[in-house]
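In what follows, a single structure is set out as structure tokens and then discussed.
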Amino acid sequence: MLIVMNRDATEEQVNGVIRTVELQGFTAHPIPGGERTSIGVLYNQGAIDEALFRSLPGVKETLPVTKPYKLVSREFHPVDTVVRVGDVSIGGDSLTIIGGPCAVESEEQVMAIAKHVKMAGGDMLRGGAFKPRTSPYAFHGLGEEGLQILAKVREAFGLPIVTEVMDLDCFDMVENYADIIQIGTRNMQNFSLLRRAGHAGKPILLKRGMSATVDEWLMAAEYVMTEGNPDVILCERGVRTFVKHSRNTLDLSAIPVVRRESHLPIIVDPSHAAGYRDQVMPLARAAAAVSAHGLMIEVHHAPETAKCDGGQALLPDQFDLLCRQMRAIFDVSASAER
Amino acid sequence: MLIVMNRDATEEQVNGVIRTVELQGFTAHPIPGGERTSIGVLYNQGAIDEALFRSLPGVKETLPVTKPYKLVSREFHPVDTVVRVGDVSIGGDSLTIIGGPCAVESEEQVMAIAKHVKMAGGDMLRGGAFKPRTSPYAFHGLGEEGLQILAKVREAFGLPIVTEVMDLDCFDMVENYADIIQIGTRNMQNFSLLRRAGHAGKPILLKRGMSATVDEWLMAAEYVMTEGNPDVILCERGVRTFVKHSRNTLDLSAIPVVRRESHLPIIVDPSHAAGYRDQVMPLARAAAAVSAHGLMIEVHHAPETAKCDGGQALLPDQFDLLCRQMRAIFDVSASAER
Amino acid sequence: MLIVMNRDATEEQVNGVIRTVELQGFTAHPIPGGERTSIGVLYNQGAIDEALFRSLPGVKETLPVTKPYKLVSREFHPVDTVVRVGDVSIGGDSLTIIGGPCAVESEEQVMAIAKHVKMAGGDMLRGGAFKPRTSPYAFHGLGEEGLQILAKVREAFGLPIVTEVMDLDCFDMVENYADIIQIGTRNMQNFSLLRRAGHAGKPILLKRGMSATVDEWLMAAEYVMTEGNPDVILCERGVRTFVKHSRNTLDLSAIPVVRRESHLPIIVDPSHAAGYRDQVMPLARAAAAVSAHGLMIEVHHAPETAKCDGGQALLPDQFDLLCRQMRAIFDVSASAER
Amino acid sequence: MLIVMNRDATEEQVNGVIRTVELQGFTAHPIPGGERTSIGVLYNQGAIDEALFRSLPGVKETLPVTKPYKLVSREFHPVDTVVRVGDVSIGGDSLTIIGGPCAVESEEQVMAIAKHVKMAGGDMLRGGAFKPRTSPYAFHGLGEEGLQILAKVREAFGLPIVTEVMDLDCFDMVENYADIIQIGTRNMQNFSLLRRAGHAGKPILLKRGMSATVDEWLMAAEYVMTEGNPDVILCERGVRTFVKHSRNTLDLSAIPVVRRESHLPIIVDPSHAAGYRDQVMPLARAAAAVSAHGLMIEVHHAPETAKCDGGQALLPDQFDLLCRQMRAIFDVSASAER
């Protein structure tokens, strides 16, 4: 942290700040300047309460300098993490495509959709058995029955399964069936759930919170990693802004930023970012163009009957075309990094 | 919902939309206009998938018309809900002041602060035994020991206790000690926790999510109420915006909006909104001026030693002055409503 | 507009609203519903003061239905507008690339950069002679001397020139030299400047305001078109959000939305959206992937000496690679539309 | 500025950064730390191009340290600026109330409203003769006729006049009639207009841009002051956020922040922040509670006939009650500062 003093701060005030820094067990490094003195705080472990220093006499401002995360940081782990699930991997130099319905509704439905996903060259199947919904009156998923359907479909098509966990109570059950356990946007800072995820034997797909900074998101991944689970996949899905023509605003600059800051793989969910079918395809292509490690896209063979978010699901033909476009764009884009 | 057709939509397209509306069990009411046809959707229960209708041929736009909540709505329950805890009440025509530390650190600490809160005329005591923190390396609270300290202090000063619950696992324990159970910002859409709160025998203080609309917030309260708990207190604590000079941007217009839409009491937490001590007092006075039903404010007798958010806690003298100011302002403001 | 009445609105209140609608010269169309009455307002020309109706007794809410723009709307002009400048065109099925420095600094500088732009296959040259800057102490451009340099470089390389106009006073001068006149982000709602642009004999490149909705942006274009200038090119350049890892958040969903709503061409400026060089290339590729009609990108042969925004300018080699990537991605993406 | 190096930055990279700092004429002050080296940049005049340094090899991040403004800063001018207009003043220890219609519509209208403003104890009259409107089809004001009406009303009631200037062309005319010249939200970074305002012989009321940071707003005031006009009044009027229940989100924390950073007076416009009449009164009281130096509020005696923003204008009785409430709250709040 850097503590910036007022122009007219007295020596006594500067010394008072230095004493407080040292009382907290840190080292103070004063930097005399033309206009004012600043004080660097060194050797701190963990977060410092900025507001505390800002309220000391003579202090104008405080600025955080070092990033608060460690295990997720590329500085501590320079090589890309590649998460492997059976034959499929996420991370490194390939593009992984996950397709499937928003919610598991029936065996027939998931079978029909999985067939299309497989034929289009999708790598994994998504589908929710537990659905967090804004309204208590909406469809909340089939629960364990949904997980059993997913397991059957995996059997039939050899597609690994990504499905969401909503709370501590159903974690064991979801962990038992899933290949990758998804933690949703609204749970990104459900710290108890993150700690439990750290003890899971399966990779965690961690969606970005609706108004989370990249730092907060990486700190949420740090929760999972500190408990011992090294396999975290980050998923950008749009943030909330003043813009109302899409459900959320997809923050694609987060992909190069995360790739620079962290070794963890990062994928994109354009379906929830867009919220409308006609925006999903362009945004999915854009995600491939910024070199995301993968995409997770909603597909439905009969969206007008879907119990959840049918209006943002792609039709099988659209998904098929899109897969080909995304892989071509990803290859073109990769030429930039070499 | 209102479905707006394109100017050049064909009769066939209009009829297609009407058929889809009716297939979902709703009633369609076409409104011919000068430029284009619109179609009202009537008699729907619960949410409609807007995006589904927006993707039908000939449809330009869809607009939600009715609000999705029922039990929390003033239309269904015109009289103000007043939540009572012993002799203290929140809601109706009075201003309820809750003060205390961010986190319970020790018995001495809470006793010292509670004494100041009591002397300044505070109505309740706040203090966290379980602390959600952005970093896994930060102080996370004393747990049950903290709850026991709060119980002792309640005994000593007769102040009811507000404390936070973080997950399903510790809910029974918190419910056992607390007078009011707080659900924090990051858990506003932790729907499993909300359902559990609906079965609690204690009132729930529900903080607004960092980027939640008032509709989403009221729907979260609806989750609690549908499970049978009528005592929900809403707490505005600032939303995330592009502004960085305060930790969050306090959305005071939410208070008149919630008071018009809902019968539930609404209070304000200026400490977390501001994040810096010198902004807390003006924002607290502003909350009294918009006729919030109460305030929850962080107070610490020795903030420079606080384990959590010391920089935003008021000193006892500041809290004392502020209580007098807030009550005077609330009285002046109330004259507007009469 | 749709006016939604309270559930318990009286017949008298409904009639009061209808009378007010009719007093304003509009037609009221009441829609009786299960729970409440709504009233459609038909045949209105131009904007209605929503807040006025919302303050009438018995009214719960008002919802705008029709879009406020006409000339820019695809409904009124279904065919894509293609803006032509000499041999170059923007709009329709091609990708137009505009490159160049942030500011014109010297003839040598612009000549050197223009050579690279030309060799990389760029279609036009950008460069500012008048620079709007947040600080009064920053470099504000060379003025007419800068325009003369641009004219010389155009002569030398045959690249049409895009340059910014800052105010009414310098409009004639800029119009005299430029091939396309840029109106910057901070001037998007400088309505006097927009009207003047409507009388210009050159196409207008209209950047989106930092917090403008698509509707407001299209209304700004409508100002230009109502005065008689049909050649408006829209330019997305990122919006302001809570996100701080990039200078702005590029809103790529705006491209499919604008392409559906309007016939005007829309291009993307990834340089100002990103603010940092390492984000410019991925975002530029993403813009090609969402089928923008063009891109405007900052290039500098010696960015460490640039007087303005050197840190976001691409090096010539990067620009060269990027041009090839963008054209390849645009072609792949176009296959979606067919 | 502080330049933070990577953990594994080489000595050569550190020296490269130091050299670049020195090449730009600044002084580099390296700060060795436990984990990494940081480099302070001293003695810089004006803004530094952060992105330039961030793109040098070995650099992890750059942090601005000193604020970019000078003349507006309290550090350079510790005493409150009080702007005087005849007998009325804005700034220091008093609360100044400005009331009036959104737009001047007729002499009768302004006379009727001014009478109410005067009787309620208002200090100044507002009213627009030139109206910036989102739509080219809306009412844009009476122009000079409107200014003449304002002058007559000033004569009749002795109320100084605040009115908006829209562009360079009408500046002389507005300056001729107005007592205080308003620069609107959309023109906050119209730098040509700001420079012209710096040569005006009248005080400038500078509204905050819809998505402007406090730093950018103060820099806009700095433009006016560098040209020689010391009388700038800042006006907070709400910022654009994801929140849609009010037209804008009033950022009341900006008042204590501006009062600490700058000596300039700051007032609040709750009418445009709210957009709906029922929110204006609570927000106006809140503005008095945060110790703003004044308020500017829309009043109309017949809002249902207003040509502009009638739905947010207070009725005369409401304005009268509000004035009494605001003055009482301002007095209570002032006791905090003593």
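We just call them A, B, C and D in the order they show up, numbering each chain from 1.
By definition in this document, a residue touches a chain if its C-beta (ideal position, glycine included) is under 8 Å from a C-beta of that chain, and two chains touch if they have at least 3 such contacts.
Computed from a prediction, not measured in an experiment: that's the story for all the values here.
**Q** By the contact definition above, name the pair with the higher C-beta contact count: A-D or A-C.
**A** A-C
**Q** Please indicate which chain is farthest from chain D, where distance is taken between mean Cα coordinates of the chains.
**A** Max centre-to-centre separation from chain D belongs to A.
**Q** From the C-alpha centre of chain C to that of chain D, how far is it in Å?
**A** Centre-to-centre distance between chain C and chain D: 26 Å.
**Q** In angstrom, rounded to a whole number, how far apart do the mean CA points of chain A and chain D lie?
**A** Each chain's C-alpha centroid was found; their separation is 38 Å.
**Q** Indicate the whole-number Å distance between the mean C-alpha point of chain A and the mean C-alpha point of chain C.
**A** Centre-to-centre distance between chain A and chain C: 30 Å.
**Q** Can you list every residue of chain D that touches 2 or more other chains, as numbers and ranges?
**A** 211, 240-242, 244, 278, in rising order.
**Q** Once bound in the complex, which stretches of chain C touch chain B?
**A** 2, 4, 6-8, 27, 29, 31, 33-36, 38, 40, 42-43, 61, 63, 65-66, 75, 240-242, 244
**Q** Across the complex, what residues on chain A touch chain C?
**A** Against chain C, the touching part of chain A is residues 211, 213-214, 239, 241-246, 249-257, 260, 273-274, 278-279, 281-283, 285-291, 321-322, 325, 328-329, 332-333, 335-336.
**Q** Residue numbers of chain C touching chain D in their complex, please.
**A** 20, 45-47, 49-55, 68, 132-138, 166-169, 186-187, 189-193, 210-211, 216, 219, 222-223, 226, 240, 275-278, 303-304, 306, 308-312
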